[in-house]
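Letters are used for the chains, namely A, B, C and D, taken in the order the chains are written, and counting of residues starts over at 1 for each.
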Amino acid sequence: MTLARESTTRSVGRGSTSFFRQRERPDSSKHAKPILVMEEVYKYFRRDVPTLKNVNLKINRGEFVFVTGPSGAGKSTLLQLIYRKHTVDSGRILFSGRDVARLTKSSIPFLRRNLGVIFQDFKIISHWSTFENVAVALEILSIPKRLIRSRVAEALDRVGLAGRGNEHAGDLSGGEQQRVAIARAIVTEPALLLADEPTGNLDPGLSIDILTLFEEIHEAGTTVIFATHDHSLLQAAPHRLVMIDDGHVIEASQGLRAWAARTQSMVAS
Amino acid sequence: MDLSTALSRARRNFLDDWTLHAVAIASLVVAFLCLGATLFAVANLNRIAEKWGNTQQLSLYLKDGTEKADVSQLQFVLESLPEVAAVEYLTPAAAQKKFLEQTDAESDLASLPTEVFPASLEIKLTQGVPEGRLQKIIDRLQQLAPVQEVESYRGWFEHLASLLQASRWSASVLAALVAICVIAVIENTVRMAIAHRSDEIEVLKLCGATDGFVRMPFVIEGAIQGSVAALFSILLLLVAYAIVSGQVGYTFATLTGVSLTFFSPQIGLAVVIGGGAAGALGSLLSLRRYLSV
Amino acid sequence: MDLSTALSRARRNFLDDWTLHAVAIASLVVAFLCLGATLFAVANLNRIAEKWGNTQQLSLYLKDGTEKADVSQLQFVLESLPEVAAVEYLTPAAAQKKFLEQTDAESDLASLPTEVFPASLEIKLTQGVPEGRLQKIIDRLQQLAPVQEVESYRGWFEHLASLLQASRWSASVLAALVAICVIAVIENTVRMAIAHRSDEIEVLKLCGATDGFVRMPFVIEGAIQGSVAALFSILLLLVAYAIVSGQVGYTFATLTGVSLTFFSPQIGLAVVIGGGAAGALGSLLSLRRYLSV
Amino acid sequence: MTLARESTTRSVGRGSTSFFRQRERPDSSKHAKPILVMEEVYKYFRRDVPTLKNVNLKINRGEFVFVTGPSGAGKSTLLQLIYRKHTVDSGRILFSGRDVARLTKSSIPFLRRNLGVIFQDFKIISHWSTFENVAVALEILSIPKRLIRSRVAEALDRVGLAGRGNEHAGDLSGGEQQRVAIARAIVTEPALLLADEPTGNLDPGLSIDILTLFEEIHEAGTTVIFATHDHSLLQAAPHRLVMIDDGHVIEASQGLRAWAARTQSMVAS
């Protein structure tokens, strides 16, 4: 938590290299306010059982938040509500002060341009090259070809796939595809990074590397929401932790180490 | 949303599954061939109709021994009628000559004496004289002193007119059908392309692409497919026309008195532009119906 | 690989994306309509050709005053020629009557004296008398004593024959084109279906499905689509025929002397079966080309 | 290792309930022989760098083998060679004594019918129901509908998705989809189970449950090859461990605990 607070403060000086961020968020006074607020959010997929119940969550600009919980708890759903894949059934979600649920269909793209999303199922186009898969996020922003080339190369380098831009994405290993998905999410230098299980296909060493990468990006001022099952990551980085259990969202920053240790010992038994 | 990105994406899509586009264009070529053939047929039918419509005529057979002055006066009166386009006086000798020409047989009829052919006034009517008015004129003419009989060829013209009408009618139905077919094919192709690249579209949308960004390449593809297919089918028709026109054209000309012609470049251009428009329209319809993320 | 599983999977596929199949069937219906219309045209053209081909004839105009016995003898000689199908003796009175019938005009020609029409022998030839042989017969007949002139109508028949030939030729080209088109559409549809369900096919293959298991539903779908489209288009044609035949049929009959008829049920059945076969074939071709895991 | 040996012995009495297994392997003397042998296997995806180098591996009938290694090491490739998604570039792979690489195209299906594969990317058909996704594996074997229904229900129950057969597979959470994939692999009661990262999307508790499920299946006589990054699973179950590193396959059964502990401490630092 201390680390997270620090980076919030540090985020004042970030963003000067990214014309995109400057264009999209010219109002520099905004960063004092929370970037994401969820108020009494309910989401029903089945009539009687809500997947998310009365979720209240406030995430400040520059925070790093882990989201965890058992399979089927609603972690992905929580993130999907933020990028408007789904809409809330009641309550509201404010992103930079604007209600995501009340965006018109035509302004959803502009919400999404402020987000970098790493999807649990990657959503990599297997018949495109690695380069094209990452570049598409920049093409959408009408960034000049020359700039795209250098920024994609940099992003691939950061996820450990330097020089593999020409490979067919469908031929990559599971972990490599996941890293392409990460590169695509970070290449636009978004204000908010939503990572849904971004290390599920990575070995422990690489997982730590990716976590470190996210922490670097976070240091540079980006807000990160990181959904994961991997308790060793939760242990490795002392960030704010949010747990979803039976639809409820519980802040778990205090008991984190104890809980993680408990699970760990349970697993090892 | 800039056009160059859209164009380069359309190009990439085209190269990615060019077989799909090739097949689509092939189907469209077939459809446009139907349309082109129909237009061709309609154009020539129209020419026949015009020509034969223009020759709608009455024959006024004169009594034997009608005086030249009476004929001239009658001719003058007839020419002043608004429904009459031209009046020609046919002497018995001229009538015999024309008859022999029309029967087209060098038979013994050549030895018929000139006298058996009555003199007549051949009246060319203007186009579109209504049925009732025509009947009235005929009745009036019948009562004139020098007129022995009025021949209106109506039975024959009614047959011809109904045949032409049916042809033109079925031709335009066919044309409409083909237009629908073109839109349907393009729509289907785009639908296929959408289904084929639904994963790409999903990714684009999730990365913040606007609808325009997603749609533009499809519209461009549709327009290009439509116009290329139209152009190609017109070229094919031209080739077919060049090959066939010699023999068939001769028969056609001798049968109908109208020479076979290809439709005008303007119509060709209209078909190509219309093809592009139909392609873009089909594309948009398809996108509207099937593209939602 | 049992058929019931394949059928139920084909049914599921069909329901899964029925719009694809509906559009495919619609395209096929258009194609089959073309084929049906062509067959219809060919069937009727053939009837005309047969009828007019049968009436290929010569007229032997006899000199005035030829004796009845000479005529009978001549008729007997002619009837024994292998190329001659029938010989009819036309007296001047009969010739006049026929002439007036054919000119179809109640004109003054009715007052022509019977004597101007020469007596004639109307000779119907068998079908397919070669050109050279015909010329020889004509030359021979010309030298006979009672014969004044031989009329062979050849110019007219050559025109007609070339027109019929061209029509039949273009009709069969069109029929072949449509057959190709049907196979292409089915192939394309199946290709689309394969692309559409490539993930399913991959899973099936990876779970140990044989090629037959994967392919069977597609072949069944193709066959059903082809035959349903053929059936549907024949029904459409029948309806169109029923609507139009009254007016057009009359004009057609009066112009050609042949009444308009729909093609036989056997041909219809053949089209439906052929449609199913073409569907299955297109399906198989497509599978062979595009299905590999 | 001891455990694995024991289950090999125990596997003599298995299989009497599965007519499929009986049909496919009527020769009961075979089970004394190794089920899978890899001899000097090389696999090149790029001309100069082999993905797998000189792999020699012998797996006995009834064994339980973990395969691990960093992202992009070749774990999935190893499994893919077994189910003939790819063919070896040199060397040979014997499954039940038959050379997999030399199977004709038409007999590949019969190889695959003896295998249950859990794919790293699930390969779940998202527009089918959960039930259909599992049932397809049995439909291929022309098993009667009635039997399919009961066996699918049983399989779904084993992966914790009892009663959810009618749900649209595309709507399931990542972990739920993964469990559907597991159910599809085990429903045919295959002779050899190839699991490629079957717990990547599952929380630690469920991961252990699934591991336990695999161990049960293994107890019943099935040979299991289990590729995973998850070191806590390696720690939790003391099975034979094979590591792929730089294309080489290394038996790691001796140093397992030491190595896992080392990685764990590295991650936690």
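In the analysis below, a residue touches a chain if its C-beta (ideal position, glycine included) is under 8 Å from a C-beta of that chain, and two chains touch if they have at least 3 such contacts.
Since this is a predicted model, take the numbers as computed values, not measurements.
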Counting hops between chains that touch, how far apart are chain B and chain D? 2
Where the centre means the average of the CA atoms, what chain is farthest from chain B? D
Roughly how many whole angstrom separate the Cα centroids of chain A and chain C? 70
At what distance in angstrom does the C-alpha mean of chain D lie from that of chain A? 31
Just give me the whole-number Å value for how far the CA centre of chain A lies from that of chain B. 64
From the mean C-alpha coordinate of chain B to that of chain C, what's the distance rounded to whole Å? 24
How would one label the connectivity among the chains shown: line, ring, star, complete, or other? ring
All pairs of touching chains, each written as two labels joined by a dash: A-B, A-D, B-C, C-D
Residues of chain A touching chain B in the complex: 83, 85, 106, 109-113, 115, 117, 119, 123, 125, 127-128, 136-137, 139-142, 184
Per the touch rule above, chain B residues touching chain C in the complex are 17, 19-20, 23, 26-27, 30-31, 34, 59, 61, 104-109, 111-112, 116-118, 148-149, 151, 153, 155-156, 159, 162-163, 166, 170, 177, 181, 184-185, 187-188, 191-192, 195-196, 244, 247-248, 250-252, 254-255
How about chain A: which of its residues touch chain D in the complex? 45, 68-73, 76-77, 120-121, 171-176, 179, 196-197, 200-208, 229, 231-233, 235-236, 263-264, 266-269
Chain C to chain D touching residues, read off their complex: 1-2, 5, 16, 199-200, 202-211, 213
